[in-house]
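Each in structure tokens, the structures are laid out below.
In the two assemblies presented below, chain A is common to both, partnered first by chain B and then by chain C.
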Partner chain A sequence: MQIEQSERDGVVVLATSGRFNMVSAPRIKARIDETVAAGNARIVVDLAGVDFIDSSGLGALIGGLKTARQASGDLRIAAAGDQVVTVLKLTNLDRILTPFDTVEAAVDGW
Partner chain B sequence: MPGLQIEDEDERLAAIRALNLFNTAPEERFDRVVRLAQHIFNVPYVAINLVGEHEHFTKAAAGDLFGAPMSTLPREESLCSVAIESDRTLEITDIRSDERFTDHPLRDNAELGYYAGAPLRTPGGQRVGSLCLIDNDSRRALSVGEQAMLRDLASWVERELATGADLEQGSEVQRRLLPRSIPDLPGWEVAGRCVQAGAVGGDFYDWLVLERSGNVQVALADVMGKGLQAALLAAGVRAILRGTSPHNSLAASIRRVADDMVGDLDELGSFVTFFAARFRPEDGAVEYVDAGHGLAFIIGPDREVHLESEGLPIGALPDEQWEIHEDRVGPGEALVIVSDGFLDVHGDHGTVMDVIQEALGRTEGADALAAELARGALGKATTDDVTVVVVRRSAA
Partner chain C sequence: MDGDGYDLSGFAVPEGIEELHHLLERVGSDHPDLDGGDLMLFETAVIEIANNVVEHGSPPGVGWRFTLDVLPDRLEATLSDDGNAHVADLATEMPGVDAESGRGLPLAHAILDEISYQRVDDINHWHMVRSRAGSS
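Entry: the complex of A and B
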């Protein structure tokens, strides 16, 4: 799994791809923590390239959300695929991790 | 042969039994070590032999010179049985000229010239077997570096033996934490299945009769992730739920689980999806609470209900409130809760409901339904745990 980092209007965008599972989740969570520690607490995770997420992946996103909020920021997700949206809805986690259709929509008006 | 008295043989045999590896099938975690050793030392045969009371058992073997995997050899013919008498590697460079083995039955075996066996120890220090190299002809002694490498490979096997034993024990403990006694409720049956993807996992189910009200509580929880961390957290959730449920309402019980687990879940970056229901056997009235689990259904000949809710998983946000919902299990209907392993297999909850409906028609009783559902999920490729709880009310 690759993590590509970019910045857009003062928001850090982390783009991931492949399977977001117990193998890759710790790396993404660590990257979110580093980003927040570096002073950027507004983060969008771009899930366009993610075809599968499991509970460890969800755990990384929730953990990242908590970290960002503790630093008075937030974490949003963008471009989630069908499987990701299904799992978010099932667990009701879409209530706190609102899926935005695109990175632009997630960054817009922040 | 001098110095062959083994002290504490009983303890050694107990350690062997605790491994639970005698007469078990080959495993890749051991096979890869013997393959590697065969390559490194360029010998025709390498084996991992476990030395029991009367015979040694070949757990892994590379090459067909001697015993195949799962074969046994009487101890009096086993050189590994000799190798476990010391912590040091036993090396026999030429068995036919070695005075220590003048009377050994294998001395005249034309296929055996050279033997090296590194003893395999448990964490408790019991020598339970040996990683052995065999060559047809006599051979020069291993260099110091080769000796160290053989010892390294033996340590690798020892680590596999230890981990396997711990996990096997953990797996057994986890099985015992599932409810075994079936509540005696005329007109009702309760059953469950839990098959962890690994030796241990984060799924569990439970049920208990609440003595004060006579109502019955069933629950299914799925701790994020896999393996030991998930299993330990699951045991915590189960214990808190068991402790609080007989004395508290369903709402107060989930609150208690969430409040008591929040520190551990935060610390480990984990969360738990959880569903619990209480039903009244007299009329089938059900109250339930769902913390982000989302896979509970009431299915009967006349209706299929997905018991939805808005609740987040336990541990997702510290101040989450969970609402209690109500429904009813009518005659001929079943309350079925499954883990998300079923979603991996069947795609969406609509398909899961269809699968349950079909299984309901094909089976009688709760146990048959639970077994059928678990079998259907396990038949497909899933890397997740597969857990199901069924409360089934008879038609009449």
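Entry: the complex of A and C
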């Protein structure tokens, strides 16, 4: 799994791909923590390349959301596929992690 | 082999999780009639149970065996390992939205029609069933 980082209008976009699971989740959470620690607390996680998420991945997103909010920022997710959207609903996490259709929509609506 | 039964032996380590993903991909390509949503959710539940064995199984990296049957009305699988007995906390309650862990088994429960844990002859067995779409 690779994490590509870019910036749009002052928002850091972290794009990941493959499976967001017990192996990759700690790395993504660490990257979010580093990004917030560097002073960028507005983060979009681009999930377009993620074909599978498990509960470890969900935990990393919630942990990242808390880290960002503690720094007066926020974390949004974009371009989630069917499996990710379904799992978010089943775990009720769609209430606090609203999936934006695209990265552009997530950044524009800030 | 009739093409409907699958059997995989390996170890409860992250690479073993990848092998399960690959097996479930093969199930999908072997069964184009299988509803993609059913298989996607079943895979999600299987991986959560397997994650649980990887994270909490003892000794770490125990040997496991996964069997799966594609039946006309359901998907049925068993994950067995020869480690020590699991502390079988079949938690069904989804934790609050701010929790960073504890969703694996509740998520599996939400997906599966049947889920059980049994220890028989020093082997742990997790049994998982999901009815197929339109087969009620």
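A few points about this structure:
Everything that follows uses one rule, which is that the second predicted complex is superposed on the first by the 109 of 110 C-alpha atoms of A that agree within 3 Å, B and C clash if a C-alpha of one lies under 4 Å from a C-alpha of the other, contacts with A are read in each partner's own complex, and residues count from 1 in each chain.
In this section, a contact is a pair of C-beta atoms (placed from the backbone, for glycine too) under 8 Å apart; a residue touches a chain by one contact, two chains touch by 3 or more.
Everything numeric in this text was worked out from a predicted model, so none of it was measured.
Judged by the touch definition given at the top, the superposed model places A:91 against both chain B and chain C. When both complexes are overlaid on chain A, the residue A:19 reaches chain C alone and has no touch with chain B.
Residue contacts after overlaying the shared chain place A:110 against neither chain B nor chain C. When both complexes are overlaid on chain A, the residue A:62 reaches chain B and chain C alike. Where the contact sets of chain A with chain B and with chain C meet, they give residues 22, 54-56, 58-60, 62-63, 66, 86-87, 90-93, 95-96.
On the side of chain A, the complex with chain C involves touching residues 19, 21-23, 52, 54-56, 58-60, 62-63, 66, 82-83, 86-87, 90-93, 95-96. Partner chain A is touched in their complex by these residues of chain B: 222, 224-226, 266, 269-271, 273, 292-295, 309-313, 316-317, 340, 343, 348-349, 384. Interface of chain A with chain B (complex): residues 22, 29, 54-56, 58-60, 62-63, 66, 86-87, 89-93, 95-96. Every residue of chain C that touches chain A in the complex is listed here, in rising order: 14, 17, 21, 37, 40-41, 43-44, 47-48, 51, 54-55, 94, 97-104, 106-107, 110-111.
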